[in-house]
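Take a look at the structures below.
Next come two complexes, and both contain chain A; in the first it sits with chain B, in the second with chain C.
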Partner chain A sequence: MGSVTATVAPPISRNIIPWFRTFAAITGSGFRRYSTYRQATLAGAFTNTVFGFLRCYVLLAVASGAGGAAAGYSPAQLATFVWVGQGLLAVVLLWRWTELADRIRTGEVASDLLRPVHPVVSYLATDLGRAGYAVLTRFLPPVLTGLLFFDLALPTRWQTVPLFALSVGLAVVICFGCRFLVNATAYWLHDARGAMILWTLGSGVLAGLYFPLRFLPDWIAVPLWLATPFPSLLQTPLDVLVERDGAGIQAGMVAVQLLWVGLVLLTCHLVQRRAEHRLVVQGG
Partner chain B sequence: MTATPPDAPVIETRDLRKEFVVRVRAGRFRRAKRVVGAVDGIDLTVRRGEMVGYIGPNGAGKSTTLKMLTGVLSPSSGRVRVCGLAPVAQRTRLALRIGVVFGQRSQLWWDLPLRDSFDLLRHVYRVPAAEHAARLRRCRAELDLDGFLDVPVRQLSLGQRMRGELTAALLHGPEVLFLDEPTIGLDVVSRQAVRGFLAELGAAGDTTLVLTTHDLADIERLCRRLVVIDHGRVVHDGSIEALHTRYGSRRQVVADLDEPLAEPPVLPGAPLLRTEADGRRLVFACESATASDVVAGLARVAALRDIAIVEPDIEEVVARLYRTPTPVDSGAVQECSITSTAKVPGASAS
Partner chain C sequence: MAEWTYRLRRGPAYLALLRGQARSQASYRTSFVVDLVSNVGATVLDVLTVLVLFRVTRELGGFDRTEAMVMVGLSSAAFAAADLMVGNVESLRQYVRTGLLDAVLVRPLGALPQLLLMDLPLRKASRAVFGAGVLVVALATAELAWTPGRVALAVLTPLAGVVFFGAIFVATASLSFWWIDSGEVGAAFTYGGRDFTTYPMTVYSGWFRALFAYGMGFGFVSYYPALALLGRADPLGLPGWVGWVAPGVALPAAGLAAAVWRFGVRHYRSTGS
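Take a look at the complex of A and B:
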């Protein structure tokens, strides 16, 4: 008679709780890592604030030229859009993340494979820590400046603030995923600079940084929203906060973000698997 | 997590091979594929607590082997097991049981102080706090870390960083520690500190050490077993003494005489290698005779002014080994078949 060996999976709590502890520890380390660059933080916050004035005056001029409101935004909503957007820019970190590409180029990425944590999880946790630090140091200065010098639109619905917080969190994860994918092109191209230039150009225009995407006709804006992750990076959290639309569309836009989180993280996972396969078979 | 049984091999490879496909220009627009064999059939068995020196000239396949053992590179063929696991397929599980130190790459977080890096590693490897604290305490004492625990890694000197890397690789209590040139670029003091620490670690007998290096003093100080590879094949696997015996490197007795002898003395089992200083200095090789036999024999025939016994030089032996094409099996030199694919033995792997 043969024998049957059964493997019983450990209770979920035994795996999940340590997993969250590890995740939280890596997130904490991300916060500490970025908090060491204080001068860069100061310079960045200053630059964002200066550009805030420029963008705000331009958009207010557009609104005034259009007779008070532009693309459905009142002047106060536009000012909020600009100042909160200037703060969010560093929180979602649209640009200037080359850590993974650098590690691929130097071969240090092999060390990531020698740790018992999945590289996508590890980089994501670190990025959430970085975003947490950015909320405190890069988000607040421009927003407070905006509040001081301009008439900003404050939320009127009870759900706006929690929805905005959720939307920002989702935007950080989507943006991380996109940056990860752009960086990961270095596995195949050896140098991700070309992909990064395209990303910088594309994300600035299509995420709503240079102008609110609502300035575009619907036949461009709607497909852009649904078929690309770009509006979910900046435009969605800002539209949620300024209550540009009714409560239904406001929540619907966050739901679209949720879909994009799933899709982008899945793509990261698949790309990482392909990259590891390539690395492991062909050598670093 | 089950530990490897005491008698089971911690590392076992059978006919381990790695070939890389390289594209080379074969014309204005044509690219030809070449298959480059980096590791060409390595059989290795390492048991618990062994300290193995893994050496070979540049491009011999040392790092490629190490990468296959740690699971960051999959073999083209052959079998490999480390701690009973298949390194690539079970890499995450293996990562919990091995430690890796690359002398030329850092595994620490560039912007964090060592203290924070070590704390993070505790969570990454899920080590109980008490175990972690005990191991860290030991490393702090033996590697003298206290002076720079709060300095960000980017500001550490190479010697300090390497001590940090060693600690980081050991905090989860690995069964096997892989060290790829851990003393490269270190000053004498740091090198001694690292060697002393590894020697104590090896003496404790719990951790298996596999060390690649170009500094043969590391091997002499640390490893009883020496595996030499060249062109992707093992050309020596045994003790350093066995290597000396095999390559005929012997102790030498250098005798300074008061006056040159008319006839060079004939000593059984100790041929005269050379005569220097107008016959006042004689150099004998100890083959079957011991150094004291040579000294006693000489004292009978000549007035001795001074005697020196010179130990065989491992660097010289290894240099000879590198220069000799695969002495174990001269038929093992790979053939180069250049059709659409060519096999180039021993080309650098990474």
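Take a look at the complex of A and C:
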């Protein structure tokens, strides 16, 4: 019989250029949309900076208590880890994205399904625009503050900088995919709050926000890295930047991120398709 | 006198608000249980973080694990209880934005107690119990030389901490009377204050430590009382009696927060519609 869903892919493969143009337009509008929240941006950058001080002092104390270096990080590397991490937190947007869940609950998601762009694609494009704006406004203030008040480790290998940029881009996409999946539980549960609380709890600590995951014993850290997307959200870009490991492992960690991008986006696609088969939009 | 009896008569009204809240939250039983469980999670993670740090180092700012855990216990017990009772005032900015605050202000009850009771997050009760548990375990494992004075201090300090964190919650939330989008700025001092008080103050340095510890008073919530309980001299050079000043800091802080709140309510202009 075959079922009809609103997001059966239009024949995009024939002409890829308009597709890219649409994607870029949505990304641009995402950038502009988030650039209107100026006061919230200021408040967020301030808070990230305060937490940067708190976490940086604690980790530096750990390093000095451990006799100079902690789990292979020098004090300067730890300081970079904390301050760049505080900046990245808003770029990958670990928390506070409930847009899709809200739209599912209110039924507004119906209008997303009527558009000629797949919902995963259009939400991803918007999110990339948001991340671009966050790089300018939320990433730079804590990083510059860190540079001003602490001794930060700067990259020494030429390939670190492009690799870091790539790693951040991949982290944004993986984080978007995870948030999309958490929000998508609302298709089944109507209220995604439980899933979101679990995500908020787990993502911070498992992504390496509270302490570098290398502080954990290997038998926890390695499976965490390979079998869950969490370290790919913050820990990997940060480890790439501070050059915690040799060039080989550095590139390998980014390769793991690439695998997770594919896996997470594929899951989003499948989940969205399943959801559309059972979605009943309430109200009239 | 008249004012006093009038206030007493409001009691049943507040009680009714609280009962209504409890009933409505408990009616979604599964999600209430999920909420209870996941709310413990945040405090569990805070404690785990400290333990992970002590896996890498044997001492943090000159304190070993059992000593640091006393500070963790004092901080988390006080913060979790304050968060349960007052933390919800954070949502003031939503009330201001949506205009719900107008409805609150026209009722013949105090605005602040109403807001707190209107959605008292009972799900956070689990966290408060856990926080208190951490304190009890930390005090038990630290093998303190108990004296009547220290027992009194161990009881008095978390209570003062609750008042102090409550004051911080109210003061930072009041910011949204003037600045609706100030939301996250409050978190820098409420959750930031919790993080600051979790670790020995010797970890921080310079103007940042001076600002948080003495300027805002967070140093007296856990660090100095813990020194007095442990019988250690302050590496930063303050005398031993400073461990006892927590109530002396908390009460003025509460007074100040109340004044800021009242000033804010008086200057509140509805967003209108």
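The rule we apply is simple: the second predicted complex is superposed on the first by the 265 of 284 C-alpha atoms of A that agree within 3 Å, B and C clash if a C-alpha of one lies under 4 Å from a C-alpha of the other, contacts with A are read in each partner's own complex, and residues count from 1 in each chain.
FYI, a contact is a pair of C-beta atoms (placed from the backbone, for glycine too) under 8 Å apart; a residue touches a chain by one contact, two chains touch by 3 or more.
All of these numbers come straight from a predicted model, not from anything done at the bench.
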| item | value |
| --- | --- |
| Chain C versus chain B on the shared chain A, clash or fit after superposition | fit |
| Chain B versus chain C as contact partner of A:70, first or second or both or neither | second |
| Touched partner set for A:156, first chain B, second chain C, both or neither | neither |
| First (chain B), second (chain C), both or neither touched by A:47 | second |
| Partner chain(s) touched by A:33 [first = chain B, second = chain C, both, neither] | first |
| Touched partner set for A:62, first chain B, second chain C, both or neither | second |
| First (chain B), second (chain C), both or neither touched by A:108 | first |
| Chain B versus chain C - smallest C-alpha distance in the overlay, whole Å | 11 |
| Doubly contacted chain A residues - partners chain C and chain B | 37 |
| Chain B - residues contacting chain A, complex | 20-21, 64, 67, 70-74, 88, 91-93, 95-96, 98, 100, 102, 105-107, 109, 111-112, 116, 119-120, 122-126, 152, 349-350 |
| Complex contacts: residues of chain C adjacent to chain A | 31, 34-35, 38-39, 41-42, 45, 48-49, 52-53, 55-61, 179-185, 187-189, 192, 195-196, 199, 202-205, 208 |
| Residues of chain A defined as touching chain C within the complex | 37, 39-40, 43-44, 46-47, 50-51, 53-55, 57-58, 61-63, 65-66, 70-71, 191, 193-194, 197-198, 201, 204-205, 210-211, 215-217 |
| Chain A residues within the chain B interface of the complex | 18, 21-22, 24-26, 29, 32-34, 36-37, 106-108, 110-111, 113-118, 279-284 |
